[in-house]
Amino acid sequence: MANQGENNTKLGIFVMAGLFVLILTFFMIGKNKSLFGGDFVLKARFSNLNGLMEGNNVLYAGIQAGTVKNIALINDTTIEVTLAINSKVKAYIHKNALVAIGTEGLMGNKVVNIIQVKGTAVNVANGDLLSPQKTVSTEEMLQTLSKTNNNLAVISEGLKGTITRINSSTLMEVIDNKEMGENLKASLRNINKATEDASHITYGLNTLVTGIKQGKGSLGLLLTDTAFAGNLRQAGMKIRSASEQTSALTKQLNEVVDGVHQDLAYGKGPLQVLLRDSAAGSNLNKTIENLQKGTDGFNQNMEALKHNFLFKGYFKKADKKKAQLH
Amino acid sequence: MKIPTGKTGTPMGEPAIVIEHLYKQFGNNIVLNDFNLTLQKEENMVVLGKSGAGKSVLIKCIIGLLRPDKGKIIVGADDVTKLTHEELDRVRSKMGFLFQGNALYDSMTVRENLEFPLRRHWIDVTQKQVDDMVAEVLENVGLAQTADLMPAELSGGMQKRIALARTMILKPEIILYDEPTTGLDPVTAREIDKLILSLQEKYHTSSIIISHDMNCVKTTADRVILLLDGKCYAEGTYQELEQSADENIKQFFE
Amino acid sequence: MTTLTARIRAFFDETGNLSRFAGHFFSLGIKPRYEFRELLAQCYQIGYKSFPLVGLTGFIMGLVLTMQLRPSLVSYGVESQLPVMVGIAIVREIGPVITALIFAGKIASSIGAELGSMKVTEQIDAMDVSGTNPFKYLVATRVLACTLMLPMLTLLGDAISLFGAYIGVNIRSVTSFNLFFTQIYQSLSFGDVLPAFIKTFFFGFAVGIVGCYKGFNSSKGTRGVGISANSAVVLSSVLIFVIDLLVVQLTDVLGLN
């Protein structure tokens, strides 16, 4: 009899433990769900939902902020999405916030990201319509990356040629030689364009990295988890420093040319010109070397990126297109 | 063919069990073929028969464990072949059944085995009464010290005695014994015989005893029947059958 | 040719008999008298006593699953999703099915053997004669105990499995207990948990009913007992997969995914 009682106690503990796990699970899941049970909703309109469904999560600054409550077709190009927003988060969302559709995890569910925008705006009210963020697609971003990369390579090649020639001749010759002058000017124009491109790519990379932080897209996720994020960021920095140096170079060259012209105009002696020449030459050399390093580093990163399987498809397509063009 | 014998033994007029035209067949194996029998009240009837003759099948039909193909088995006022499970249960509460293989519950102690038939009256009896009843039957079979052992810890003969104790714990009006003394030493076997007789005396039970043990038959039987070819081949007192010239009967008394 | 038709016939006979046996459970089992004491004793035997086995296998399963999944997730660069992946796999499918299979191996065989030997040694008949309905006393209690205890075992097994997975994650990298479970709970929805939980009742019922059916219909002799124990495990394991398949289809149709 006593034994039976003891067994029943053990059984009771066992069952209570099982029920505890069950209740805990339901409670934990229920907590996530019921928080968004309120009536506070926001709306957004998209032309393409990319598979977003009712019940998908809504994130604000990366925090769980609600769920997708309803999806309705308004006309042939517009879909209105209603978002049920967690009462704790709603106080922090401003009217100028943007919404975008992203992906949770590599192959995960779609999510709606609410992105805070700098600047002051009043808090959202129930039923407000938020505007969608113009998103740069991965495809576009990669295209820009690769184009800029190619441009930079060509430019740095051309620049190298020009500089070598500058180095092997005196500056006087450079200025006297009409053809060389044209070359240099062309190079300068290219450098300016490269600078523009470089700043463009830096912007692109920044967007990418922001996207990563918001868990946007499979690419974004991939990048958070691998060394590629670091690589890309490094590449961005290299490009930026290269672009800075390019502008420095342009400025220097301009200065040198101006200086020479002035010296000659003011009748300074050739000795002075020569002195300036050598100083400017070594200066120029150093800048160019730096530029070279920057583009090399970037090239390496691009190469590494090409070997990642996820991008293989893209680069293959690009190669094919190139082959067709040629 | 029926060996004619005079009606013997029983003083009471009212029968405890009446079996009429009983048929039972397993596939092509005809076991009972128009079997008839009447068991009087307070009568001890021994059923003789060769191994495989259908003795166990017969008493299983009586207690309702097997359904006969045809025929009537009247116990008291009820025909057990036509009863629902609940009604059958009511009839069974008056009957005890000793299984040939003991059928002790091997996951329970001896005490729990003995208490098991009391579950039928669980609500009406107190723990004190239960303990008393268990102690009494254990005393009867001479195994008072084994109450907390498991059946597997007992010898074959002890198991048989516990099974017997379990059969009689409810003091049923009718007891069906399937080979109560098989596998026991002669001394214990005689004790069992005495127990059967004393039970009958004390509680006025009617019993059907299946046995090959002629000593047991001799001491306990008011009447003996011989089961052969699914029929009641011979019927009479021990002495009557002993003196029979019939080959089939003589075999058992040699 | 005749053997083939005979076999097909036997298959349907068996199916019919098993269904009738299960039907008996619902028609007879729900009527008084209720064998509460025996039910509790069986719950203890079937549930509590199986817990160490289920816990151990669950722990190892979570650990191994994590270690096996890690390399491919690393090569996809989504190592951080390891808890989510393992969590979903365990909660939705592997936990319930493996627990049920382990349970079938342990319980269906023991019920089959126990009832089989009780049948062969006429203990079941003895109960019947003693005024205790053996179907209620032996079958209904065991089936009910299986039906109720397997969900409990699965819940605890899942929890232990996830703990094993947590250790598995921490072998190669570091994650906090809190983060690990927050990640899992956030990725889970009622649609993941409820069907997985509900199907374990059916698994338990299948194990119990098959074990009892095989034991109750055991043929004479120790060989018959062995065969009932063995075929109880085989049939209940197959049934577990069949039920699993049905549940997946059903949750799909009901849109619970």
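Per-chain numbering from 1; labels A, B and C assigned in written order.
What we mean here is this: contacts are C-beta pairs under 8 Å (C-beta built on N, C-alpha and C of every residue); 3 or more make two chains touch, one makes a residue touch a chain.
Keep in mind that this is a model prediction, so the values were computed, not measured.
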{"item": "Chain contact topology (line, ring, star, complete or other)", "value": "line"}
{"item": "Centre-most chain, if every chain is reduced to its averaged C-alpha atoms", "value": "C"}
{"item": "Identity of the chain that, by mean CA position, is farthest from chain B", "value": "A"}
{"item": "Centre-to-centre distance between chain C and chain A (centres being mean Cα positions), rounded to whole Å", "value": "51"}
{"item": "Between chain B and chain C, centroid-to-centroid distance (C-alpha), Å", "value": "43"}
{"item": "Centre-of-Cα separation between chain B and chain A, whole angstrom", "value": "94"}
{"item": "Chain C-touching residues of chain A, taken from the complex the two chains share", "value": "4, 7-8, 10-11, 14-15, 17-19, 21-22, 25-26, 28-30, 32-33, 55, 64, 105-106, 108, 221-222, 224-226, 228"}
{"item": "Interface residues, chain C side, partner chain A - complex", "value": "37, 40-41, 43-44, 47-48, 51, 76-81, 84, 151-153, 155-156, 158-159, 185-186, 188-190, 193, 197"}
{"item": "Residue ranges of chain C touching chain B (in the complex, touch as defined)", "value": "114, 117-118, 121-123, 125-133"}
{"item": "Complex contact set, residues of chain B against chain C", "value": "60, 63, 65, 85, 89, 92-93, 95, 97, 99-107, 116-117, 119-120"}
